[in-house]
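Inspection log for the structure reproduced underneath, given as structure tokens.
Chain naming follows the written order as A, B, C, D and E, and within any one chain the residues start at number 1.
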Amino acid sequence: AESGGAAAGEAGDDKITVAIASAVTGPKEEVAIVAVGTKMGYFAEEGLTVDTINADGSVAAAQAVASGSADITPADTGSLLAAVQGNVPIKTIGGLVQNWPWQIAVLPDSPIRSGADLKGKKVGVISLASGSAPYARAFIRDAGLQPDVDVELVPVGVGAQATAALTNGEVDALALYGQAYTIIELAGTQLRYLDNPPVFQGIRSLSFGASQRELDQDREKFVRFLRAAYKSMLFSAANPKAAMQMGYEVFPQILGGADPASRIDSDTKTLEKWLESATPLQGEPADWKSWGDITDEEWAKTQAYTKEAGQINAEIPLDRVWDPSLLEAANDFDAQLVLKQAAEYQP
Amino acid sequence: MTTAPAADEVTDEVAPAKPTRGKRFDLRERPELILVPAVFVVLVAAWEFLIPLLGIGDYVLPRPSRIVEALGQQLGNALFWQHLEVTVRESIIGFLIGVGTALVLGTAISQVSLVEKTLMPYIVAFQTVPKVALAPLFVVWFGFGITSKIVMAAVISFFPMLVNVIEGLRAADADRIQMLTVFGASKLQIFRMVRLPSAMPFIFAGLDIGIVFSILGAVVGEFIGAKEGLGYLLLQTNYNFDIAGMFAVLIVLSVLGLIAHFIIRFAQRKFAFWAEESRVIAA
Amino acid sequence: MSLRTTGRPDVDTASVPADEEKWINIASLNKVYQARRSAPTHALSDITFSVRRGEFISVVGPSGCGKTTLLKILAGIVKRSSGEVRIAGADVTGPLPQVGMVFQAATLLPWRTVLQNVMVPVEVQGLDKNRYRERARELLRMVGLAEFENSYPYELSGGMQQRAGICRALVHDPAVLLMDEPFGALDAMTREYMNVELLRIWAESGQTIVLVTHSIPEAVFLSDRVIVLSPRPGRIAEIIDIDLDRPRELSVMSSDRAGVYVDRIRRHFNASVID
Amino acid sequence: MTTAPAADEVTDEVAPAKPTRGKRFDLRERPELILVPAVFVVLVAAWEFLIPLLGIGDYVLPRPSRIVEALGQQLGNALFWQHLEVTVRESIIGFLIGVGTALVLGTAISQVSLVEKTLMPYIVAFQTVPKVALAPLFVVWFGFGITSKIVMAAVISFFPMLVNVIEGLRAADADRIQMLTVFGASKLQIFRMVRLPSAMPFIFAGLDIGIVFSILGAVVGEFIGAKEGLGYLLLQTNYNFDIAGMFAVLIVLSVLGLIAHFIIRFAQRKFAFWAEESRVIAA
Amino acid sequence: MSLRTTGRPDVDTASVPADEEKWINIASLNKVYQARRSAPTHALSDITFSVRRGEFISVVGPSGCGKTTLLKILAGIVKRSSGEVRIAGADVTGPLPQVGMVFQAATLLPWRTVLQNVMVPVEVQGLDKNRYRERARELLRMVGLAEFENSYPYELSGGMQQRAGICRALVHDPAVLLMDEPFGALDAMTREYMNVELLRIWAESGQTIVLVTHSIPEAVFLSDRVIVLSPRPGRIAEIIDIDLDRPRELSVMSSDRAGVYVDRIRRHFNASVID
């Protein structure tokens, strides 16, 4: 079966398997990175052939990487921290989603206008064992309320299930990530968002975690992968529609049997939403620098948040988690050329 | 489908006036030919018209008309048939492995009580473990490909079959075993000539449960981490907010289960006829 | 040992204005078994006879001639192919409550003790258990199973199971008693003893009894009339009135008159060559 | 556990020399008393020492020593016992509902062939539908609380029981039914006095499968959206990358399954003794 | 109709240097059934006798005295409690291949046709199916079941099932034949016919036969010796040599000598009062 991965003719010598930390394929990292990198030949240029597997969540993805089923995964940074604490031989080698993707949303006519209004209400989270629960708790705490006392968390999942819970009044607000909201809105439900307080600024969501073993054997391979990945991101940011079309070609299963023409617009919007969280909010793509960098301050915030969420129980020495040494070489690419390719792209 | 008679139908031994299996269907004889579609139509109609009335959104429970539309679209899509084929393949292979293992192990367990005592606790213990939670292990052991799904299908169809095989092989009539023993039959011959035939109703019950569960197992396996198969398609349609499409897939799964069930029941009537017939025409 | 009958009034039959002479009435009865995997078997052909109320009638005939089939049709558990079958005026289309039966194979329930098995008809018909339990015990004592009342069927010998089956058929004192070779698995002595007991019970209760037996002397000893069936398909070869005085003792069987009856019935069997 | 004799043991009718159920355990008589723990020790030892040798990290399959440690930690936690209680409650209620419904429906189906023809296709069709995929619906219908998990447990234990009940009620011996019919038994009496006892081996097989699956169902239900229960704890430990803790929970689930299984088997020996005994002491 | 015996050489027995006079040897045999839910039953007490090679011996005794138990111990499917049981010199601890048995209940396999049921011993012992199928058909013809060879057991009457069971025990021509009331479900005529046939087969094959029967005349007609058992627990009451010339015809039973034997055995039964 024609399934995901390197469909392009010019295959490199080195193989890299990317574990997608989600059971489904969608307009997110696999499209912006894998599909575009493959279709545009960025991986081939680096002598790489890239394949994907779907792991059910960040923990499973980290396990897949650590046990050799995959080489690298864009996984939740908190999970990567937890993995390291659990002595999993995995190292973060670059950032991916740099802007906080989680938000609280309510129905447009909801009386809830600020965090404080959540008192006595119910907030829908994906599940109590997912990133959305610690986020909701942190949000509630910041609003001066006590989670699980003043506000009840209810696991509602995403998509239709979450929508139903909100519109039926089973919950008063949702705590989901941006792209999940886009899907809900595109399906016809209007939402209003509460502003995230500044505490969330700088907490990292997805980052690239690589197998320590592979890394020790061939660092260069990962440098080349990161470079191609960031180039692909830049391309996608510049021409998300083209990226989405490549996504359909490389991962036809994204469509789930639907007609591409009927989905391209909404999927492009979803992809844009994802890219928005994964790339700097300010400036023009041409000015974006230091792809994948995570500052020590960001790490500190992320560690504190992860600890608060209970995923780790002590701060982890940075050098055990973080190996930024690949980034300089990974950033060594001609951004203008990529932008040009994006502008001139013809399917 | 011919079924066992109800109590007061025991008297109903084939009277000459009543043709047993006429070529032409007499609707009074086979009311199910009207009833099954009737129930279907009523259910579907209720579904179609009640849903909007109850204010249930299409994104929770789409109306049949939408689903049929989505189904049509799926059936016209080549990729869908690939997904279907993958799931069918996983289910069948998993079913055969699960049921085969259960037959062998069930035989050993029912025949050698030491094997039972040594193995059974572990089998039961393993059976209660939610395999979905073991996903990372499964995937490490069996890869992200089709194998892990086959294993899932096999594991979930294994236990119902095992329990039924054990119970069935034990249900054999002691007098019949004694009879064969006197004539010098070996354990194997007794097994083949008495235990196995006696166990047939149990074995077919196990097969029936097993085939239905193996489809379930394959689909759940696809939930864990797959790139193809109907389980994957379910996740994808759900993710895409294509709830009608998701229901279309669910319907395809139901039809798969039904077909499998009827194949098993057909085999039962072919290969275990005596139970049925001696029950119907007992005297 | 005395066995009181419970004297239960026979409500069902009493309410039907039936002919006492044709208490059981069978006319032009035919039975064809239509097996799915083999040829149809013509079991009974054009059977016509009737039984008086309170009569003791025996049916004899070669193995496979349809005796069991006839009893089961009377019991309402096998459907006739054509003809008329009436008990106490009622068309037999299913089991009638006033009928009891002893089966050719004992058919005890393996999950019940002997006593519980004997109590089945009492339980089924919702009769007073405490009262009938005593009667059941008495019957078990009569057939020599007193010490086995709490045993399970698999602990009994073949003949003991059959005796338990007889107790079960008698316990609720049915107005019509159908017996399918009830004494087949018993030794000659037990059999004769049981014959005498059966006659005593019958005399006390006034039951109508149809007995299938392989023993011609037994048929003669017990019956008012003996119906002789021909080999399959069973037809009535002869119906013989047994004109021996009642009450009968076993010694009557050494009389010449009894011998004549036995010889007369035997002749039918001699005529029927097997294969 | 007393089990059916193997063929050449049929002769082995309780000889006076051999005490059937001695108060003191003779190990030659009951080798399982050594074998089961022995197998356990060997398995655990192999696990403990092979895992590092094979280069399988603790983060995929932790060593038993780690798991025991994590287990100890869990058992010392009051919250854990709450989770356990929730899951046990869900499983038991779900099991009772599932199995009860299966008994009632199975009875109707096996007794009235029209019910079978009208209902059975829908039941089979529903059974193949992966309930996990229906989660949104379940949650909408049954809420986010314990009910949806109970329903899940009930639904998954229902089908194996149903199939076994149907098969079992049909397996009743026609002669016995005729016997009761002659004595004027009603359908209900025949059911109670013959069909049900005859179906016992089937019913117990169904119960055995059902109880094990109902635990599975409750846990899977808790995966979908729960705030408590062992399934939730599994998700939580997994999310926290506490793989040893996760395995500790899995072990608790196994033990639950084992206990349930042995309760069912014990009940079987108590309530369906005749099958066992007549088999052992047949003559 | 002629029934050749297949003349299969009896390898197993030939290789054992056994006493022809004590071909079957039973000494101080005891059997106690130890039921779990009821009191133990003493079925056989101190049984001692032996059977010559080629002898025809009958066992009679009241119902429940342990006849079936005795045969099953000889067949190696019930364990003795104490005592010695040998066939052809070999201690009986399990079934021996040269032994065939007719069961009190026919015990046919419901998933096999009548012919397939009769062929069970042939299949089990790996004998030449084609050759024995003919013999099986001949035996079925002899017992009047020729047209039922493709029927299933539930399509047969009780007596027909029993006859099929007899064919099954005879088909592989076993050196030792154990028969547990083989003719109990047959009418008098079929029974006598089967008796004559059995004697003919026995004369041709030289089998050693142990027959349990409830019919005293049958025992006298067929046997070289009759073993009379007392009521439970079965003890040997008497062993009677039947000194009637062979070959015997049915007419021998009207002779005085036969009558004397029958009366002598009957006396044992009269002595044993039931309950």
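Methods note: a residue touches a chain if its C-beta (ideal position, glycine included) is under 8 Å from a C-beta of that chain, and two chains touch if they have at least 3 such contacts.
Just so it is clear, the model here is predicted, and its values are computed rather than measured.
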Winner on C-beta contact pairs when A-B is weighed against C-D: A-B
Maximum centroid distance from chain E, chain identifier (CA atoms): A
Separation of mean Cα positions, chain E and chain A [Å, integer]: 85
Distance from the mean Cα position of chain E to that of chain B, given in whole angstrom: 48
Residue list for chain C, restricted to those that touch at least two other chains: 33, 35, 37, 68-69, 72, 76-77, 94, 105, 152, 155
Multi-chain contact residues (two or more partners), chain B: 8, 10-11, 60, 136, 140, 175, 178, 181, 185-186, 223, 238, 275, 277-278, 281-283
Residues of chain A touching at least two other chains: 59, 63, 67, 159-160, 164
Residue ranges of chain A touching chain D (in the complex, touch as defined): 57, 59, 62-63, 66-67, 79, 82-83, 85-89, 127-130, 153-157, 159-161, 164-165, 168, 170, 310-311
Partner chain B, residues of chain D touching it in the complex: 1, 3-4, 6-8, 10-11, 31-32, 35-36, 39, 43, 56, 60-61, 110-114, 116-118, 121-122, 124-130, 132-134, 136-137, 140, 159-160, 163-164, 166-168, 170-171, 174-175, 177-178, 181, 185-187, 190-191, 201-202, 204-205, 208-209, 212-213, 215-216, 219-220, 223, 231, 234, 238, 246, 250, 253-258, 260-261, 275, 278-279, 282
Interface residues, chain D side, partner chain A - complex: 56-60, 135-136, 139-140, 143-144, 223-227, 232, 235-236, 238-243
Chain C contact footprint on chain E (complex, rising order): 1, 33, 35, 37-38, 41, 60-64, 67-69, 104-105, 141-144, 146, 150-152, 155-160, 163, 181, 184-191, 193, 214-216, 266, 269-270, 272, 274-275
Footprint of chain D on chain C - complex, ascending: 72, 75-77, 94-97, 99-101, 103, 105, 107, 109-111, 120-121, 123-125, 152, 154-155, 172
